[in-house]
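Two complexes come next, and they have one chain in common, chain A, joined by chain B in the first and chain C in the second.
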Partner chain A sequence: MATRAAMFTFSKFRYFPILKHRVAKFSVSSNLLNASALEPGYSRDPGEVFFKENVQTLLERLTGRDCDKVFHNRKLGERLEPPKYELLTQAEVDHVMAEMEVKLKRKLQMPPLLKERDPIKKIYSFNPELQGFDDSKYVFINISQGITNRNREVVVRDPNGVLREASWEERQRMCQIYFPVPGRKINVPKMFEEGNIQNCLDRDEFEFVLDRACAQFDPDDPEYISVTRKTYDFVDENTKYTSLRPTRHFGPMVLHLVLSKKMDNLLFHFINTKDIDAAANLVRLFHTVADDTSPTEVDEFQLIENYIQGPALKKPALELAWQSFLEIEKQRREVHSQQNNASN
Partner chain B sequence: MASAIPTFTKIGKVIRLNKHGCTNRPFYHIVVQKTRDNFDGPVIEQVGSYDAMPNSQNEKLVAVNFERVQYWLAQGAGISNPVAQLLGLSGFLPNHPQTLIQSWKNRREPPRERKLQPIKGIAPPLDNPKI
Partner chain C sequence: MLLKTEGIQLSFARSFAETTSDKVSTNSNPEELIVDEKNASKMRNRAIPVETSMKYLKSKGYSTTYGGDPVWVRYRRNFKGQFAPRTRKTCIRQDMLATGNPCPICRDEYLILDYRNVELLKQFISPFNGAILPTEKTGLCQTKQRELLVAILKAKDYGLITFDVPIREYDYSDYHKS
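Coming up: the complex of A and B.
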């Protein structure tokens, strides 16, 4: 079992200032019994793929950087301030732009795609002689300074005398009571229940649901995984990619679609909107995920054609879209060359 | 202090429960105090809390700063009976004999039910009298 100590920070719920939260441990285990990563049809362990350099760069390129949408006004219940206009020299402008780059990177930092965590089953001691001392459980939490919530000791003494480590739900609840994280509720909000999520998604509130899930759960929480997958699948089915395109959730969504072999809708969307760079990056991502190869074709058109002829699942629709795009492209080039000739 | 479990001294520092909360709703702070000080007097350090009322999940929450408890024990602080019992339940100290005795007694004879008589015309009996 290989553990990578990656300092991964991700932004929290949009209501509150951005916090640093350390995802201390995610283990890449080849435990065949833990098939939850493979159950919904993932071809590979997502934790393995997500943190690779080339995958990260591809996802960042796909997300793009639409500053207007990333920094859009959010309704936080705070007092709105009018925009400030300042007269700056070029050097000062560059300085401000560099600061904005940093802020942009933080806002666009992608929440990781991990597989479900294993339930905690450790028992410290079994004292049947303590049965009857109380009807309720005693939950002990270590409130020492200097340990992260992930490593904090939370221990439960059951009425039957068993001293065990607290389950993930108990542990998260206790940590939230004694070390509250803003944006997180102690008990799971009703919004994440079955019928209620559907309600939110029908109203196109994708960013809200995903931001709140990010604030409420850890990325390897089964609830987080189910909520995010539901949202991603809904967005994919209804092809409402534009609302999520410039947000930090677009990257994980794309990776989810690629891993569960549902990327054809997205490719179709890119071809229709004539975003060839994005389409090419998507195909490159597919190859990286499928067998760790980077395709040798430099020409993007060739790359996409090979994909459509080869591994694509929705060939008819994609071929049609691709042909119509090529025709439009050809006509555009003809018109362009005519204009050039006329001007010359 | 050569004893394995710190013994209660006449005057010195002690780790004990200070009752806060209000009527019918106790809430204890686990504090380090001088023995002679009152519960509402000067506290050297608060080292945890203990909520004696079970919550909706039937849990009694105990927060303990084990690192500081270790420090004060090393400095020769005593522990009171209830705190020693709690630490025993948490696994930090061995099980306290009082916990074992109480469990045994509870199993031998269930805790006596307090029967509350209704006051005629004014108040019905409580559904779930606290044992």
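Coming up: the complex of A and C.
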């Protein structure tokens, strides 16, 4: 305790009393479902899987890189300027392209898929002699520069004399006041309540919902997990993958579907759109997630075939789609070879 | 609104004078006001529900009046000189239009600025950079501009109007202790 007190005296800190009627808002969770990460059938802890290198590369390959979509004009209320045209040498062009690669990577950085965080329960001390010092609690935050908001000390003195670490909601609110994250509101927007999310999803505004959830919540926030899962499941049920495909949210969505064993719709979609690379990558991802193995088959067709015969859940539909794709492939090859013979 | 046409034309102010015959003939409905025909169209005391406004925006009357343009396009302000001053504080005083050239929203009583009336709100958002158009362009009076700002803010809060959210960047080391 003495060391911690010393730490606080050296660094700046500020406090302000929070009115009692607002205390309720911090402790009561929202009306969204608080499902744990493993409840709807996640086979593994997503936090373990998401950050692995091979998983990241597979997800990046699945997302692709549609530069037109990623670098689309964003309407941010700024004064518009006409486009600039420059004459560059090849070396300068290469330099600019390298810069664009970095920007692309930043724009396509995937929001982490994590399990729900545990509530903070740490109590520093209990001083019953301080009971009733005020009718509201005091919240203290360490506003020194050089620490991330995750590690920032936020401490609460309750009117009953308990000195404890602030809960996640209190932390987020205080950090947002002193170190605001752009796009984040102090009070949770009404868009994230039950009826209003559904309204947005029905209008196909998936990217908007997900972007806003990323800005508003941390990735291990129960509300964030609930909102993103709802969106991913809606997109999956209605097979509207194309709108999310070139965005940063496609990777986490695919991982969510693989972990909750719902990847067959997506595989069906890839086969129907003849995107065999993506289908093969999806199957490889499945094997990596399921038992950390990378499959030995080099041939992509064989890989997909084995998956459909083996672990697939929607076998009839997938087999039908696969057979029709193989026939079309065969016909295409025949026509191609005939053309080659004709030209020779 | 009850238009009193009793032989002689009563002036607006005189209409409020209570006579014994008034007390006998007035209805129990408190909303009905006694005005003369000239000022009937200037009354703005009716509270029109948002749903009516949303229906009006899809109606034939609206499309013939405004064409396909936003409601502020065909409005012209009256002022001396080249540069328009600030728009007036309000067009409506004491439930009546207090000006001969009211702003685009006040002049049409079926245009209600509400967070649910997204079709109307979007007409005041620039299609090029997503900013809310200033009164220099639209000609709205100051009270209506404030109502518009509140309605747009609320609509964005409810997710009825979409916009480009600032990109959130993550430091993976915060979430993955390797």
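In this text, the second predicted complex is superposed on the first by the 309 of 344 C-alpha atoms of A that agree within 3 Å, B and C clash if a C-alpha of one lies under 4 Å from a C-alpha of the other, contacts with A are read in each partner's own complex, and residues count from 1 in each chain.
Note that contacts are C-beta pairs under 8 Å (C-beta built on N, C-alpha and C of every residue); 3 or more make two chains touch, one makes a residue touch a chain.
Keep in mind the model is a prediction, meaning the values are calculated, not measured.
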{"item": "Which of chain B and chain C A:Arg333 touches, first, second, both or neither", "value": "neither"}
{"item": "Chain B versus chain C as contact partner of A:Met174, first or second or both or neither", "value": "first"}
{"item": "Which superposed partner A:Val155 touches (first chain B, second chain C, both, neither)", "value": "first"}
{"item": "Partner chain in contact with A:Leu163 - chain B first, chain C second, else both or neither", "value": "first"}
{"item": "Chain A residues touched by each partner, larger count belonging to chain B or chain C", "value": "C"}
{"item": "Contacts of A:Gln131 with chain B and chain C, given as first, second, both or neither", "value": "first"}
{"item": "Which superposed partner A:Lys69 touches (first chain B, second chain C, both, neither)", "value": "neither"}
{"item": "First (chain B), second (chain C), both or neither touched by A:Ser144", "value": "first"}
{"item": "Partner chain(s) touched by A:Lys105 [first = chain B, second = chain C, both, neither]", "value": "neither"}
{"item": "Doubly contacted chain A residues - partners chain C and chain B", "value": "none"}
{"item": "Chain A contact footprint on chain C (complex, rising order)", "value": "126, 128-131, 157-160, 162-172, 174-176, 178"}
{"item": "Residues on chain A engaged by chain C in the complex (per definition of touch)", "value": "47, 50-51, 74-80, 106-107, 109, 111-112, 114, 148, 150, 181-183, 185, 189-191, 196-197, 199-200, 205, 208-209, 211-212, 214-215, 219-220"}
{"item": "Of chain B, residues touching chain A in the complex", "value": "48, 54, 58-68, 86, 89-91, 95, 99-100, 102-104, 106-107"}
{"item": "Complex interface listing, chain A residues touching chain B", "value": "124-125, 127, 129-145, 153, 155-157, 163, 170, 174, 177-178"}
